[in-house]
Amino acid sequence: MIKVSVVGATGYTGQELVWILSKHPEVRITGLCSRVEKPIAYSEMFPKFKGAVDDLCVNFDIDEVCAKSDIIFLSLPHTVSTAFVPQLLAKNKKIIDLSADYRLDKTDYEKWYKFEHKDQSGLEKAVYGLPELNLEKIKKAQLIANPGCYPTSVLLALLPVLEQKVITGTIIADAKSGVSGAGRKADLALSYCEVNESFKAYKINEHQHMPEIEKIIKSVTDIDINMNFVPHLLPINRGIFSTVYVTLTKDLSQDEIITLYKDYYSGKPFVRIYPNGKYPQIKDVVNTNFCDIGLKVKGNILTIVSAIDNLVKGAAGQAVQNMNIIYGFDQKKGLI
Amino acid sequence: MIKVSVVGATGYTGQELVWILSKHPEVRITGLCSRVEKPIAYSEMFPKFKGAVDDLCVNFDIDEVCAKSDIIFLSLPHTVSTAFVPQLLAKNKKIIDLSADYRLDKTDYEKWYKFEHKDQSGLEKAVYGLPELNLEKIKKAQLIANPGCYPTSVLLALLPVLEQKVITGTIIADAKSGVSGAGRKADLALSYCEVNESFKAYKINEHQHMPEIEKIIKSVTDIDINMNFVPHLLPINRGIFSTVYVTLTKDLSQDEIITLYKDYYSGKPFVRIYPNGKYPQIKDVVNTNFCDIGLKVKGNILTIVSAIDNLVKGAAGQAVQNMNIIYGFDQKKGLI
Amino acid sequence: MIKVSVVGATGYTGQELVWILSKHPEVRITGLCSRVEKPIAYSEMFPKFKGAVDDLCVNFDIDEVCAKSDIIFLSLPHTVSTAFVPQLLAKNKKIIDLSADYRLDKTDYEKWYKFEHKDQSGLEKAVYGLPELNLEKIKKAQLIANPGCYPTSVLLALLPVLEQKVITGTIIADAKSGVSGAGRKADLALSYCEVNESFKAYKINEHQHMPEIEKIIKSVTDIDINMNFVPHLLPINRGIFSTVYVTLTKDLSQDEIITLYKDYYSGKPFVRIYPNGKYPQIKDVVNTNFCDIGLKVKGNILTIVSAIDNLVKGAAGQAVQNMNIIYGFDQKKGLI
Amino acid sequence: MIKVSVVGATGYTGQELVWILSKHPEVRITGLCSRVEKPIAYSEMFPKFKGAVDDLCVNFDIDEVCAKSDIIFLSLPHTVSTAFVPQLLAKNKKIIDLSADYRLDKTDYEKWYKFEHKDQSGLEKAVYGLPELNLEKIKKAQLIANPGCYPTSVLLALLPVLEQKVITGTIIADAKSGVSGAGRKADLALSYCEVNESFKAYKINEHQHMPEIEKIIKSVTDIDINMNFVPHLLPINRGIFSTVYVTLTKDLSQDEIITLYKDYYSGKPFVRIYPNGKYPQIKDVVNTNFCDIGLKVKGNILTIVSAIDNLVKGAAGQAVQNMNIIYGFDQKKGLI
């Protein structure tokens, strides 16, 4: 049994992480931290967990957490992780950071998150935790930068055609996310009556997940990409659905494309490629770690649709998948 | 054309009021007030109104508003109206107050709203604006205490049997409200993911609308009532559905009960009684000023269900209905 | 007062049409038709209409309807209108057909709707009822082919750049529709639990609204267009949000683009162009006849977002707008 | 490992059952049956199951199923189970029937389900599978009549006060159910636009779950009960929330009531009693087998609120709980 702490256990991602870890057969949760007035049973804050996780939730004390944990999940607001990661690395702890703090290089991070990043050493150590791309590196990683929800959804849609270099420059990613993607907070724009029975685009080509997608694309291909990333807010709790449009440089049939995707994802247990004429729905991936992908060619335009649960494959589930890989467990352990 | 101002124009009730008034054939909106940094077009704050209501929304200046208005709607947070009503009365303005400030007597108000009420004179002048109960008084009123949403829904369900004195002491009102009833604000408990796909009871027998219901019941009957009022939060934007259970003291058939209700509401254009075996749904009253009622007898228990739109018949629509009555317009003007 | 009949009054579009017409100051509803066992009060079928529209709904008798109507709205399933339109034309009635039957040419219609179209004469007479494009033709039309909901949403997003010829060949229209767009019927795929908390793409590049969009595009420009149209199902009742991506052939700034759109839609009362940095939401157009448009340039890609209520501007409201134009009323009459 | 078949695997309850059983550490699924044209992979019908349950779903062949199963779950429409249960009993199979067929006595069954019940012997053998009431009987049962969703929710709310005989005759159960309770089918009344943003009562005092509740009440107390059962349809996928009102015959404080409930449910792992002032929400029990209960006394009226997931504790989860009991597993196995 490995000993696990979750720091930032009260957001939606934190709760999902605690939920998954509490059922994981190789894990013992040894620490739950969040900003609390005084130690309080986790299940008193979140009655859903009563009888399942009744441990105390306490304020984060880095020494205490290190003393009792093999691996630490940081599910903190952006910019906060950078304050703790150097010490955790120094104490030889393994870290899975679910924030954006170790996903970009220093320049892009500071541009998009408006915050000076002082942990260059951590940035160099960090492995981008997309197992379908970086399996071997993850096995040996001490610090995982767990991918963002939108990037997971868009990159898994793109990896096969990027790697095969069968597309040209402009990529359009029309992504739609459930509300939990925005986090758990009091915010008029996220209140029920503002979101329900509505739909909107926001931060068109200005979302902080765009440079993350662009960075990974650059790392896998030298095609010069012009990324257009338009996020939308869906009136559902969970799920991201991305419709991605690329221009093919090769004449590929519907079947050839499907084969290309099936080949690429062969042996990768959490990506499911749909047969010709079938497309995924968000409901088919909710509460799972799967990313489901459907494909349609028309002329030289390939439409790729991908569906994930933003809190699972887009955050907590992928974090546990990374933990499984680091510890040599079956990737699926505790996740299927 | 009467000149109308809305003070507190940016909440959900305020917006609904502006929407209805902007289409009312006898009304000219002369003032829109809310707390704003600087005057701003109402339709810039709420793009829905673009092309319909492009007037400026300004901070509330009592003299200015009085100078240009015949009647003033106050759609303010509780306790705020008491600061303005005395001056508005002194200037001979007509007032429709949509807050709770003039609905209860001083003692109950202070107990339930935890605020000292200094306008005893206003309290005595105020007429409870439930047209189906107080039509004649409303015609002559200068100050209307516009009923709460839950009380409108529960009282319209009860008035006929209260007035006929065919029930005994215990009344159970199981009421379910859409989220807009809680107002427009940043509040984690009202955020999308907390409300969506869920349902809960809250403030069981401790809701501030209970004394309002009890006060009106006492004003129409001398039966000794034991009120049980359990509000619930429905994952919808608009609507209240109340299921009210009373014990009959008389052997009344289903048909006799329906006749009793039809008789009571005859000539009252906004209450619709359903035939035997049919019950209302919230979707049939949304965006209307109707209260729909269905009835079912089993033994000595009568189940009464009522449906309203909390923002219309439960607030803004009823306020306009009261305005219509005060000015001698058809009650339905601008509302059907 | 013009005398109006609605044939097909019980679908979602039919109900919306009856709702709008019942409030229109220049209209008297003289006929409501649908398949019914025996004549039944419309408000008995749809309690929402009680007190507003209590007229009988009867089976369609073409002579009877002609005898009492100046203009007839056909809100029928596709292929059914073709059986009635020739006779209605022969009787010199004005017709607004909300189905797809008169929108395409014979060849495309038969290909996409799998039905032989026998009314070539009607096809030639029909005017495509998009007032922002065809105002002058509509004024003189006897037969209006009222546009589809998706095409309205996509075409209004595209008209200014098509007319100015500032785009090249590939257009990507990523459209999301509320469920009422699929009509009122018993269908497992439309049942609550299948749609709620989910999202999906469907009929990717195979939707019957695609040729309608393509036909109108061809009629306004000679640019060779490669249309990619991906419809999605949104878990809301009403509304379409289209995100349309085009490649600019000219270097246009954000402000120039907005000016181009404002100029094009100047004097067209139902299209609202958003200022720089603002984008529409479905909730701002629900229950209105507006189409709201926002714009964003990045490099040579222009992202256009448009929002409409599929039942209003996408169907019944646009039909009434067309009626207003035909009869010389203000376009906005009964619609604002 | 016990060998398990599910007959009726394609409804919402069937799917939930397959989902739970597929993760149960002591179970091997050996048969999945439903009406199918030809054998088809379960995960092809329901893509969510891809990689988890790829077994074939076949038509029900009673001999084949008996040959490969120790226990058979019947998740069939009402009246269908009676055709198979006698043979399954004869073959010494264990049966958990999720329909209503073995819950009532013959007379009530025939009255409420309008169907002649020919398996009197089965009716006598059947044990009502509410583990919190019938634990010892379930251990020895061969045929379980798995409780209805509403009865589970209402009975768990009532058992402690019934058993303690501290209430009098009239019980009011105001129950609200998510849409999956109505089953998976094409039905206009269950279509998205009819249910969404609405709420209604239905079958007031005429729902077929009422006699089931009354039967169990009679079996545990000789108090003469007058049951009022009003079901409502909630616009959510899953969950039942029941607000139950009873009249106390004893002067019990809030704390005494809570203690009474905690005592009664002590050692029963799936019922959670909330502390003073706290009430459950549906979201806290969704996807779990818990029933959460909150309590509030006012005068002699006790309000009890209970929340369950109708597909889990109200159906599939409770069925697996019963299986666990029959086989001597921990009740929680595969369920927490």
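Letters A, B, C and D mark the chains in the order given here, with residues in each chain numbered from 1 onward.
One rule holds in what follows: a residue touches a chain if its C-beta (ideal position, glycine included) is under 8 Å from a C-beta of that chain, and two chains touch if they have at least 3 such contacts.
This one's a predicted model, so the numbers in the text were calculated from it and none came from an experiment.
Chemist: Listed by label, which chains are in contact with chain C and with chain D?
Modeler: Output, common partners of chain C and chain D: A, B.
Chemist: Sort out for me whether A-B or B-D is joined by the greater number of C-beta contact pairs.
Modeler: B-D
Chemist: Just grab the chain with the largest centre-to-centre distance to chain B, centres being mean Cα coordinates.
Modeler: A
Chemist: What's the distance between the Cα centroids of chain B and chain D, rounded to whole Å?
Modeler: So the centroids are 39 Å from each other.
Chemist: How big is the gap, in whole Å, between where the Cα atoms of chain B centre and where those of chain C centre?
Modeler: Chain centroid spacing, chain B to chain C, equals 36 Å.
Chemist: How many Å are there between the centre of chain A and the centre of chain B, using C-alpha atoms for each centre?
Modeler: It comes to 46 Å between the two C-alpha centres.
Chemist: Specify, in ascending order, the residues of chain A that touch 2 or more different other chains.
Modeler: 194, 196-197, 235-237, 280-281, 283
Chemist: Sort out for me which residues of chain B touch chain D in the complex.
Modeler: Residue positions touching the partner: 170, 172, 174, 176, 194, 197-202, 204-205, 226, 228, 230, 232, 234-239, 241, 243, 245, 247, 279-283, 286, 294, 296, 298-299, 301, 303, 305, 307.
Chemist: Across the complex, what residues on chain D touch chain A?
Modeler: Residue list for chain D touching chain A: 23, 46-48, 50-52, 197, 269, 272, 274, 278, 280-281, 283-285, 287-288, 290, 292, 336.
Chemist: In the complex of these two chains, what residues of chain C are touching chain D?
Modeler: Where chain C meets chain D, its residues are 12, 179-180, 184-188, 190-197, 235-237.
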